[in-house]
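Below, each structure is written out as C-alpha cells.
Okay, so chain A shows up in both of these, paired with chain B first and chain C after.
Now for the complex of A and B:
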C-alpha cells in the first residue's frame, strides 16, 4: 500500500499540545526557571546555576522530611495492602451483601480530602473528640497535638481509614475475575486455603495489585491536604512530610529558588520510584 | 470398581437441575455424557466428583456410599473446558502439583512427570509457564495433571470445546488411547454427537436434566429408544415427519410422497426420523424415494454439501458428499433413503429402525 505524506495531520494534534502546554509544561517550566535563579521582587532575577539543588540535597531539613516521607509511605503500604487484600477476601461474592459492602467501602473515597483531615482532627481531639477522649479515659496519655508518636498514629490511622478501600475495591475486582473452575481444580488437588491464595488468587491479582501499590505509593508520597488540616505538620516538624515542608519553604519563607529546586527533586524521586517499581513488577510479563 | 448414581436429584431454589437419575458406570469404561449446553452435564459431573451435593439420592463407589464425601477424600481428577493451570507454576510444577500435595517422593515425581509429559507431547515445554503455551498445550498440561495421579474417576468437562478445529481433531484421536491401560472410570461431557462416536465406549444422552438413554455408543446411535434420544444424538438435526402406514404402503402426511414398505408394524400413524446424510442429492440406494423441497440455505464445504430445505411444512436438512450446484429459493429433487428411517409410535418410542 502506498502511504501519502500529509502534514495537515499535525493540525489535529495541536489542541492536545496547547492543553498540555498550559496545564503541565508552562507551570513546570516556571518552576525550572525559579530553580536556577535567585528571585528578587519586581521581576528581577539572578542566575544561580545548580546552587539551590546542592543546597537542598545537602540540607538536614530536606533529609529529615524525606526520611519522614519514606517512613510514612512504607508504613501505610505495609498496612493497607495486606489489610485491603484481607478485606476483599472476606467480602461476599453474591447476594445483597455485595452492593452493601461495595457502597460502604467506597464511602471514605468519596469524602473530600480536607474534610477527612478536619473530621479526624475533631475525632482525635484529646478533650472532646470521640477517639481522643476514649483513649484518655482508658488510661492512655493520648494527645496528637503535643506528642509526635500520637500525631503519627493518628495520621496513619486516618490514611488507612481513607484509602484502604481503594485497595479493597481493586483486589475485589481482581478476585472476581477468577473463574470458579480454578477453585474446584485446587479443591480436587487437595490444596489448602493458603495454597489457593498463594498459587491462584495472588498470581491472578498481580496486575491489579501492581496498580494498587503504585497508586498508593504516589498518593501517599505526595500527601498534603489531610496531614495539613490534621496536624499542620506538627508537633514541631514531626509530621511535616515533603509536601508540607515544601509549602512552608515556598509560601511561608518565600524561598522560591530552594523551594523550586526541592519540588523538582521531589518530582524526580516520585518518577524514579514509580519507574523502578513498575519495571520490576512487569519484568515477568514482558516475556509472554 | 463401579460408580453408581441412585435416584440422584439436584434442585437449586425452585429450579430442578437434575431430575431423579439412576446410572451405573463400570470399571475401565469411557462414558460420554451427550447433551446440549445447560442439559445438566456439568452438574452431574460435579455430583459424581463430590464437588457438589445432590438434593436427594445416593452415590455409591465400589459398593460404598460416598454421598457427601468431600472431593479431597475421593480419588478424582477433572479437566475443564477452560484451560485451568496454576498461572505462576511451570508446566513441570503444574503436572507435579497433585503428587506434591500428597507427599510423593521427589524422584518418583520426576519419573512420573516425565512419563506423562512424554505421553502428552509436553516434554519440550516443561520449563515454560502456562501463558507461554498455545491453547492446545495448556489443555494438554491440564490433562497431564489429571492423568498423573492414579484417579479412580477422571472427569472431562467439554475438554476440547475451546480448542480450534485442528487441535480438537488431534486431541480427540489421542484421548481414548490415554485411558487404554488404566484402572479407572472416565466420564466425558460433550455437546457434539461426533465426539461421542469417535470416542466410543458408552453414551448417555441427556436433555434438560434427564438421562434419556444409556448404553453402548453405537447402540444408542443406531437404536435410539425414543425420538428425544435420537434428536440429541444427531448433528445436523434429525429430519422429522408424520407418516401413515396402511398395508404395504407408507405415505407422508404433509407432503405428497408414498413408498412401498415391508415393515412388520401395525397400520396407523407414526413419526419418522431420518438423519440428514440419508437425504441426498443423488440416489444412494434402490429404495431411495424422490422428494421435492424448496432450498432455503446451502452450505458447501468442498467434500460435503449441506442443504436446508422446506419439505411440506417442515424444515429439513440434507447432507450429501461432494459439491453440488444449488440454487437458493428453487424447488429441488432430493432422495430419501427410506431403509434408514427410524419409526416412532405415538408415544415417541422406537418401533422399527430401518
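Now for the complex of A and C:
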C-alpha cells in the first residue's frame, strides 16, 4: 500500500499545536527566561548566563532532594509493580466478582490528590489517627510528624495505596487479552503454575507493564500534592522531594532564577529517563 | 498410542442443565481405532471443539465416559491422559527459542538433556525447522509458528492421541496444502491416533480415513469420505458435503415409491413407513442426467467451472442443481432429467430411509 503525501495534512495539527503552545510551550519559555537572568521585580532583568545552573548542580540541597526523589521512586516501583501484578493474577476472571473488584480497585484512583494527602494525614496521626494510634498502642513509637523514618513509611504506604490500582488494572487488562488456548496448551505441555507465569503471562503483559512502569515513574518522580499535604516535606527536609523543594525555593524564598534553572534540570531528567527506558524497551521489541 | 472410545457423552456449559437445548453435545458414541486418522467435521457452533476439549481433558463432560484403550480417563487431566493438542491459533512461548519451545513439554516431564536434544532435532528435521532452531520463536511467520505448535505435540513419543483444532485457519491457502500433506505424511510415519477438527470439507476428506459429521451437537454420520458422498445418512451431510451439495426436494410416497410432481422416481430406499412430518428425495447434482423423458425442468442458468458445468434448473418441486461434464451439450429452456437410481434416496424427517 502506498501512502499519499499531502503536506496540507499539517493543517490538522495546528489546533493542537496552538493549544499546547499556550499551556506548555509559552509557560516553559517564561521559565527559560528566568533561568538565565536575575530579576529584581518590576520587570527589571539582568543577564546571568549559566550561573544558576552551575549553582543548582553544585548545591548539596539539590543533590539531597534528587537522592530522596530517586529513592522514593525506586521503592514505590519495587513495591507497586510486583504487588499490582500479584493482585491482578488473583482477581476473578468472570462473574459478579469482576465488576466488584474493578470498582474497588478504581476507588483510590478517583480521589483527588490533596484529599488523599489529607486522609492519610489524619489516618496516621499518632494520637487520634487509626493507623498512628494502632501502631502506638501495639508498642511501636510511631510519629510521622517528628521521625523521618515514620514519615517515609507513611508516604510510601500512601502512594502504594493510591497508585497500585493503576498497575493492577493495566495488568488485569493484559492478562485478559491472553487467548485461553495458551493456558490449555501449557496444561497439555505439563507446565507448572510458575512456568505459565514466566513464559506466557509475563511476556504477554510486557507492553502494559512498560506503560505502567513509565506512568508510575513519571508520576512518582513529579509527586507533589500528596506529600505536601501529608508532611509538607518534613520533618525537616526528610520528605522534601524535588517538586516540594522546588516550590519552597521559588515561592518560599522567591529565588526565581535558581528555581527556574532547577525546573529545567528536573524536566530534562524526567525526559531523559523516560527516553532511555522507552528506547530500551523498544530495542528489545525490534529484536524479537 | 491408544484407541479412543466415547460412551453416551453429553455436555452442557450450564451448571444445572434441564432441557435438551441446554446441551451442546448430546449422546455421542464413537469408537476410534488405534493409529487411525479421523476428522470431526461440522459447521461453527456444532459442538466439535467442545467434543475435542472433552477428549483432551480440558473439559469434564456432564454425562458419559471417555475410554483410552478401555481404561476410563473421564476424570483425568490432560497431562495424565498423555495427549497432545494443536489449537486454531499458533500457541508459542514468545520468549523462548524454537528449540526451547519444542523441548518444553519434554523438560516438564523430566527427560535428560541428551534425550531431549535427540528428539527435538528429529522433530525439527521432520518439520523442516532445523535452520531456525536457534531463533526466537516470536520472530517466525504464522505457518512457522503453527509448525512449532505441531512440533510440541509430536515431540513426545508417549502421546495417546494427537488432536488438531482447525489448525490451518490462520495459514495462507498455498501453505495449507503443504502443511496438510505434511500432516498426512507424519501420520504415515508415526502411526499415532490423530483427530482433526475442521469445518472445511476438503481438509476433512483429504486428511481422514474416517470422517465424523456433527450437526447441532449430535453425530449425524460416521464414514469414509466415499460413504459420506455416495450415501449421506442425513440431509445435513448431503448438503454440507459436496460442492454444490445434494438436491433435496419435497416429495410424496405413493405405494412405497417416491413420487415427484406426479412422476414415479425409482430410488435405492425401500420405504415401509410413511408417517413422517417431512418427506424429501435427495440426489446429488453429479447423479442427474438430461434425457428425452423424465422430470420436466426449465434450465435457468449454466455456469462453467472449467471441468464441469453447473446447471441451475427449476422443476415443479423446486430448484435443482445438475453437474455435467464441461463438454456435454446442455439443453436450453425446457428439458427432462432422470435420477441415477443407485444414488437416489428418500429422507424422512431428515434421516435416510434405506
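The rule is short, and it goes like this: the second predicted complex is superposed on the first by the 272 of 288 C-alpha atoms of A that agree within 3 Å, B and C clash if a C-alpha of one lies under 4 Å from a C-alpha of the other, contacts with A are read in each partner's own complex, and residues count from 1 in each chain.
Operating definition for what follows: a contact is a pair of C-beta atoms (placed from the backbone, for glycine too) under 8 Å apart; a residue touches a chain by one contact, two chains touch by 3 or more.
On a predicted model such as this, the values are computed, not experimentally measured, just so you know.
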item	value
Combined model on chain A: chain C and chain B, fit or clash	clash
Chain B versus chain C as contact partner of A:189, first or second or both or neither	both
Partner chain in contact with A:179 - chain B first, chain C second, else both or neither	both
Contacts of A:199 with chain B and chain C, given as first, second, both or neither	both
Which superposed partner A:61 touches (first chain B, second chain C, both, neither)	neither
Doubly contacted chain A residues - partners chain C and chain B	179, 181-182, 184-185, 187-191, 195, 199-200, 203-204, 287-288
Chain B residues within the chain A interface of the complex	46, 49, 51, 71-72, 76-78, 80-82, 84, 86-89, 97-98, 101-102, 129, 131-132, 145
Residues of chain A that touch chain B when the two form their complex	179, 181-182, 184-185, 187-191, 195, 199-200, 203-204, 287-288
Residue ranges of chain A in contact with chain C within the complex	179, 181-182, 184-185, 187-192, 195, 199-200, 203-204, 287-288
Parts of chain C lying in touch with chain A, wherever the complex brings them together	53, 56, 58, 77-79, 83-85, 87-89, 91, 93-96, 104-105, 108-109, 136, 138-139, 149, 152
